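The same chain A turns up in both complexes below, where it pairs with chain B and then with chain C.
And now, the complex of A and B:
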């Protein structure tokens, strides 16, 4: 019974991941400027990779027929999801910062640019 | 324009579906083949064969046994290609000396914190891959590349100045790399030297006892198999590769002020 619940939750998380990947792909094509598109890519990284990896860990835990190796699978999936959660935001942040500071990506359309105000004209 | 986009989208989707269909139909055989060739079977049987040591290398990983034992000289020259390339890089930029106090302060605090989390993991993974090369897939080159990646990552996120202020310089890296190469040389000649002292026959790159050459490297550390020479080769290769690739990165990422100084010194040499 507990196995069935684990597999059900895991498959749900994987389905959520597919949804996020789809949203991320649409956003990457349709959003207006570099930073919003980077935001869509980050949604794909966290929602579309971290969440389904936790789901895969739960599915592996619930899949009784895999035997003891399923704990290795679950542990590896869980650990890499945590690492990806820490690292993907750092990568996106570094890209966004470099693009902003070098002035390669124009910040338009923008309603309010707080960083420009603080740095006194970017 | 509109029809062109539709055509591109449909053709990409069709290619993905066709590739998936082709893999589904013809690509997924049994993962381990049912029949293996006699040569492969010989290596698989003899790689760890404590009952007949004259054919074995007492390593649990067949790839490492072949790479560093059965065809050791081949690998030695293969690995020296990389080091000759690194010698070329350093001799092109001779007279190069690292300077501190240049502009860059590295990336932002968020990236630095994430790198601090990641750095020990990369180091542990690299050392484990190198030292377990005779037990699991991997080996010295792969582990050394991991450690070199760690150096590159740290010097990008924390800036080269930070790495240099911790005492890393191209001369020290060159010395480490040379130490690794000397280690490989000593390991490959160890049994030959021992046999000259003891007055028996032996070969270069010998690992376990062979027909007419009775000496073997110690192949157990407490209760752990070490594969004789393999763990030494992997350790020294990891050291040499980590230092060599870090050195190439350090030399190739030199800054404008350093180039000017290096160019000035070349004129002195000539």
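And now, the complex of A and C:
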């Protein structure tokens, strides 16, 4: 019984992850400039990568037809989901900071750029 | 049990792949370098997750290790490009 619950939760998490991935991809395509696309990319990275990994780990724990190596799969999936949760945010922040400071990505449709005033242009 | 998991995953896998193609469109179209790097890193993270999901479908835990190392490499890509953009040098 517990296996069925684990597999059910895992499969729903994977489905939610696929949905987030799709939304992140469409957001990355249609949002106007780089800084708004950051939101879509990080939502796509967390919802589309971390959530399916946790779901896959749960499915691996529950699906006993996979045999003993499934525990290795579940452990590695949990470890990489936690790692991804930290790394994807740090990487996106680094890219956003570099893009703003180097002036590579201009803040086009922006009403008011608070960072420019506060730091005098960084 | 196995038929449930296999059928649900075979439905979800094509959806995953279509969202990869949309990321590739942004990689090709992205006007600035940070746009491309952003698209590549979210593409890479989702391919790493896709490897984990696929390794359940293929019943072998080998691909999970590649997913983990791909995620680490994508993070390194982010940091290198950020370093390059700010200081115009790749850090040693």
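We take it that the second predicted complex is superposed on the first by the 118 of 122 C-alpha atoms of A that agree within 3 Å, B and C clash if a C-alpha of one lies under 4 Å from a C-alpha of the other, contacts with A are read in each partner's own complex, and residues count from 1 in each chain.
Quick note on the criterion: a residue touches a chain if its C-beta (ideal position, glycine included) is under 8 Å from a C-beta of that chain, and two chains touch if they have at least 3 such contacts.
Please read these numbers as outputs of a predicted model, since none were measured by experiment.
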>> Under the stated touch criterion, which partner chain does A:13 make contact with: chain B (first), chain C (second), both, or neither?
In response: neither
> Does chain B (first) or chain C (second) touch A:87, or do both, or does neither?
Replying inline: both
> Can A:97 be said to touch chain B (first), chain C (second), both, or neither?
Replying inline: both
>> In this superposition, which partner touches a larger number of chain A residues, chain B or chain C?
In response: C
> A:58 contacts which: chain B (first), chain C (second), both, neither?
Replying inline: neither
>> Considering only the contact definition stated at the top, list the common interface residues of chain A for chain B and chain C.
In response: 83, 87, 90, 94, 97
> Inside the complex, what are the residues of chain A that reach chain C?
Replying inline: 3-4, 7, 11, 14-15, 17-18, 21-22, 24-26, 28-29, 34, 37-38, 41-42, 44-45, 48-50, 52-53, 55-57, 59-60, 63-66, 69-70, 72-73, 76-77, 79-80, 83-84, 87-88, 90-92, 94-99, 101-102, 104-105
>> Residue numbers of chain B touching chain A in their complex, please.
In response: 107-108, 110-111, 113-115, 117-118, 121
> Along chain A, where are the residues that touch chain B in the complex?
Replying inline: 83, 86-87, 89-90, 93-94, 97
>> Taking the touch rule as given, give the residues of chain C at its contact with chain A in the complex, in rising order.
In response: 1-2, 4-5, 8-9, 12, 15-16, 18-20, 22-23, 25-26, 32-35, 37-39, 41-42, 45-46, 48-50, 52-53, 55-56, 59-61, 64-65, 67-68, 71-72, 74-75, 77-79, 81-86
